[in-house]
Amino acid sequence: MTITNLRTDGRAADELRPVTITRHWSAHAEGSALIEFGGTRVLCTASFESNVPRWLKGQGAGWVTAEYSMLPRATNTRSAREAVKGKIGGRTHEISRLIGRSLRAVVDTKALGENMITLDCDVLQADGGTRTAAITGAFVALADAVEWARSEGHVAKRAEVLKDSVSAISVGVLPGGQAVLDLPYTEDSTAETDMNVVVTGSGDFVEVQGTAEGTPFNRAELDTLLDLALGGTKSLATMQREALAQ
Amino acid sequence: MTITNLRTDGRAADELRPVTITRHWSAHAEGSALIEFGGTRVLCTASFESNVPRWLKGQGAGWVTAEYSMLPRATNTRSAREAVKGKIGGRTHEISRLIGRSLRAVVDTKALGENMITLDCDVLQADGGTRTAAITGAFVALADAVEWARSEGHVAKRAEVLKDSVSAISVGVLPGGQAVLDLPYTEDSTAETDMNVVVTGSGDFVEVQGTAEGTPFNRAELDTLLDLALGGTKSLATMQREALAQ
Amino acid sequence: MTITNLRTDGRAADELRPVTITRHWSAHAEGSALIEFGGTRVLCTASFESNVPRWLKGQGAGWVTAEYSMLPRATNTRSAREAVKGKIGGRTHEISRLIGRSLRAVVDTKALGENMITLDCDVLQADGGTRTAAITGAFVALADAVEWARSEGHVAKRAEVLKDSVSAISVGVLPGGQAVLDLPYTEDSTAETDMNVVVTGSGDFVEVQGTAEGTPFNRAELDTLLDLALGGTKSLATMQREALAQ
Amino acid sequence: MTITNLRTDGRAADELRPVTITRHWSAHAEGSALIEFGGTRVLCTASFESNVPRWLKGQGAGWVTAEYSMLPRATNTRSAREAVKGKIGGRTHEISRLIGRSLRAVVDTKALGENMITLDCDVLQADGGTRTAAITGAFVALADAVEWARSEGHVAKRAEVLKDSVSAISVGVLPGGQAVLDLPYTEDSTAETDMNVVVTGSGDFVEVQGTAEGTPFNRAELDTLLDLALGGTKSLATMQREALAQ
Amino acid sequence: MTITNLRTDGRAADELRPVTITRHWSAHAEGSALIEFGGTRVLCTASFESNVPRWLKGQGAGWVTAEYSMLPRATNTRSAREAVKGKIGGRTHEISRLIGRSLRAVVDTKALGENMITLDCDVLQADGGTRTAAITGAFVALADAVEWARSEGHVAKRAEVLKDSVSAISVGVLPGGQAVLDLPYTEDSTAETDMNVVVTGSGDFVEVQGTAEGTPFNRAELDTLLDLALGGTKSLATMQREALAQ
Amino acid sequence: MTITNLRTDGRAADELRPVTITRHWSAHAEGSALIEFGGTRVLCTASFESNVPRWLKGQGAGWVTAEYSMLPRATNTRSAREAVKGKIGGRTHEISRLIGRSLRAVVDTKALGENMITLDCDVLQADGGTRTAAITGAFVALADAVEWARSEGHVAKRAEVLKDSVSAISVGVLPGGQAVLDLPYTEDSTAETDMNVVVTGSGDFVEVQGTAEGTPFNRAELDTLLDLALGGTKSLATMQREALAQ
């Protein structure tokens, strides 16, 4: 499969959109980052609490959880608020659970002690890849919250709590069969296959979620998509490291 | 009553916090503004729809409504999401209704035609005065949405739809008896009296909502508070005009 | 502004509708009053509990809260029950909160001890001014519940728990510009400005909530409305005192 | 089984509590009655609507439905509002359905035409037998609403719409084995068997709902209870007729 | 009243449909039975818990409760799931409460100790009589759960906890006036009168719930229906005993 | 990686549990199948409706959707009903969406016409792999419903509506590193990696959902898991074909 330059925004098939990570966006949260993948903007805040959910009490371990949400007009047409509808939709639930699982994959909950960190990932503007931006930004907010907890004496070392970093990217197959990295909304909405891949800083998989929206995909296509994703998450891991080093 | 300089942030009693209004913050909404009153940041988006609620159909008039919400970690400690709780709290309802009423006070719904504009005011960071910042920012987003509607031929002239501008500010009485303008959270949480005043560009009242949180207030205190508020909204009206002129 | 006699029910602009307060309407509640402002009838019951909400435990203080509701056919056309809709509307929330705040303004929660009193204000028939009747009647029910608590040894003296009395009235500006006191539904539904004022027995303000439903109002109109309101609440305070003296 | 006079309120076993029916209690509803069975007070309003639920449209028939509710402090200890809990409890549902079915048993829905009448039965004060008082009072409110509809030309004759009258009473077996009519709360809460019986004006059964709360009951006990119930509903039918004749 | 053979499925008026009871259908529950009354199939599971609801703690007594539900396509046309609608309907509530009361009538809650047994009755396929099948099957599941609790040492003897057996059957009057036992859906949906009767193994009544869906019924009809019901429940009690003896 | 025989139930690593598919389990649904993967039992019903959701009207295409649910005691300990909790949990939403997407991947919605088929997948007993059993069984129910629709003249040919078959299986990595097919609950709850794979009859991927519950997985492990899954779904496709041929 040749990787040609046929994308509407002029990117190569294996090229990320411009990524910016603004740490300490929030004056209140123990950790926070505003992350942008092109036109997608997600505000990630990490809230630390010296407490755990009831089902975990007395076990000497902590918990990391996440809640994802979109502002009503983050998208091209306005959606009703889930608070107004009185219930959370399936997609929101699914993404919140994905973010939580992805972060817990790199957390040593024993080293965290009986503390809980909640990541709120609120999409302020959406242009595809909101869940992958959320995971990538949430890790930075989480790292800052763990560092804050260390400085306050709640946990020992950040390096013990966070065993590795984690980031995520979307890949997909466009109608003509072209596999591409980091799809904006226009590509995502017409892709034949859509895949989100969550990868640790050391390059192992935490989640692989591929869906055939159109024609089912074969093993060769799957391999190409995984290659693209590993390239993308490698770059994101570097950006996370650089942001946290500042 | 002498107006002395006794506020924690060094402001005079009749001085606003730094205000910034960033128009066109959102790439999708017909109008949008990120407004900041000191540490309070509210993202206001205006969504235009060529349609009206069912109870208004066929009457040749439009509608302007608003929804207010706070991100879970906009505040110093995290609050549960209303979408997760499955219902909207009393405070949220109350502020959403206030914003909607305030904007409709300067809208000629007949001139708007059978169109609807929804203002979403999402508090990204809170430090007192979120409802007044929301009203002030929402007016700017509304004005841009009306201008967009004019350019698309949905309404005749912006000046016909918007009869005036509208802004809002908080005033209050501090424990020692000092009346002050534009209270940040630390002042607001200990104030004896708390008042939100919504005023048109020409200086008339749209809403006056004063509450004794501690000692009830007398007529003289009420008069001082109203004076402060009218000074504050006069400045805000100028800032709105300047922002919209750019 | 001349106060002429132009009201549909023949009242003077500064005249209250007939007010009746029936104490001990309920056989079960620790305090109760059926209050009528003309055609508006609100049943107010006060329920005493030797317990406080969790967030207040161990602080040596009590709490007073209120819930307002309207029977489905209290109004001219039937409204759906909020219990059937599964959620409480914004207006109901807002009024419940207003009643609770108004009563707490005259309660010394320390003197109440770790006890809680819940005021239920159920509108049996509505003809304008339901929230002001509710506040006025709820105070009477509250006073009886505090007296009951004293007689049972739960609190020391009624006079220590209740620092003052509190009542409320509506005022408004009719389409022709006439300011009037205590608006029935027909006046309220067409008023240019609508204001609810909550005042202590000693004449200080607890709440001032004025809203321009039509044309915004100026400072002079505001002053006239406040004068009318203070006259009305002075009369209501006398009636409360007389009712409680029986 | 001997019927001895052993009841706390001195009544004979087959004696009703004092019953009062106050028609036209509500100024707004098309029909209304405040009914009292001793200390039980239920406000019944009938709301007429020239419309039917969607599933009934175009069939030339109408509908009669009912909603039952209790004020929070109708009882000896305060219950949380169902609107606040966000859902209606099983008991409320069950009684609402019972009232609706009981009334429809005497309504010719064809003669009603495509109109709907909603009966709201709100218990203002409870002392046992609230559902039976509700059915008995709701019939009176319904009759007035049908008469109103006739006078407005919505239906032909009241006698065609209402084929008969309907009333209801509770009966039960007290711990010692005594069968009694019309149980107040103190008797009801300790009864071995509790039965509610709905009977037409001509003496036929519409509903028989008997429950063994303690020891199961035999055929002879059932027969005694049915005899008592038929005596009670015969008296209630007379009172309804007299009330409607005024 | 002659009992002639006029039923669509060829049964005599006093004849049950084929009944099968399959114990131990579930590998997980402490007791379980799949019960079939003709085309009606209900899966009943009994879950034992060494715990009681909060309101019962410390009283030395246990609790038995039930939840009834229907799969969406148990019926001829699909119904929306109550979980999706976000609330439980009146009919479901009513039947759940009926099953719980019926079982508790034969349980000595003191002998059960501070333990709770929850009966889940899920209708997999419906053809009339689902509530009566549920009660009859739930008793078998309950008996097995009590036996399990005995074998685990949670309760003393099954015979002490279960004072008797309990079963239920429907009876009704068909349009022509024929009284019949155990109505399938086609008969039930057109019946003039519908009655569900819950009876102990020793032949006493636990519940009698008769409703006139069409013409109200007289005393003679009621007597015939009760005779049929007692015949049916006598047979069901025998089947329960035989099933539990295997 | 050697595939040794170390599983608690004695199966080879690449061996499915016994699978049974019982068609026509339901008398009412247009298609139905009770599917068992070992101790996992899922009842799948397909409900056909000559109608489409509002957002699809007038586009000449149909829709296939699914709802997944678990009976409260399908599992080892009882879970609260989602209908009682008043909302659907994240896991339920996620699986319902997965089943719907998986089936739509093999449906030609244009050939289906403006018709809708709803698949209800109710887990009667759970022992791991409930979502994969649900997808596999739902396809059989769907095929029968499409065949029914063809026989009734609602659609042309089954082969046009269903472009292929679809089935699903779980694979995972056990703590020692062994990759296995079709995990029962005991394996699933301790697996390091858990993956669900949905595959068409012709062997292409519809969904790949892999999650590291413990240690993240590398590319080689991913490849082994995909090989196992393709083997399993090939066998399931054969069983589906055979079941539908009977």
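When the chains are written out, they are named A, B, C, D, E and F in that same order, and each has its own residue count from 1.
Heads up, the rule we're going with is that a residue touches a chain if its C-beta (ideal position, glycine included) is under 8 Å from a C-beta of that chain, and two chains touch if they have at least 3 such contacts.
Just so it is clear, the model here is predicted, and its values are computed rather than measured.
> Listed by label, which chains are in contact with chain C and with chain E?
Both chain C and chain E are touched by D, going by the contact rule given at the top.
> Roughly how far is chain D from chain F, going centre to centre by Cα mean, in whole Å?
51
> Distance between chain A and chain F based on Cα centroids, please, to the nearest Å.
Averaging C-alpha atoms per chain gives centres 28 Å apart.
> Do you know which chain E residues sit against two or more other chains?
In chain E, residues 86-88 touch at least two other chains, as defined above.
> Can you give me the ring order of the chains, beginning with chain B and going next to chain C?
B, C, D, E, F, A
> Where on chain B is chain A touching in the complex?
So the residues of chain B in touch with chain A come to 26-29, 32, 39, 43, 45, 47, 49, 67, 69, 71-78, 81-88, 92, 118, 120, 122, 124-125, 127.
> Enumerate the contact residues on chain B facing chain C in the complex.
Interface residues on the chain B side: 87-91, 93-94, 96-97, 101, 105, 164, 195, 199-200, 203-212, 215-219, 222, 226.
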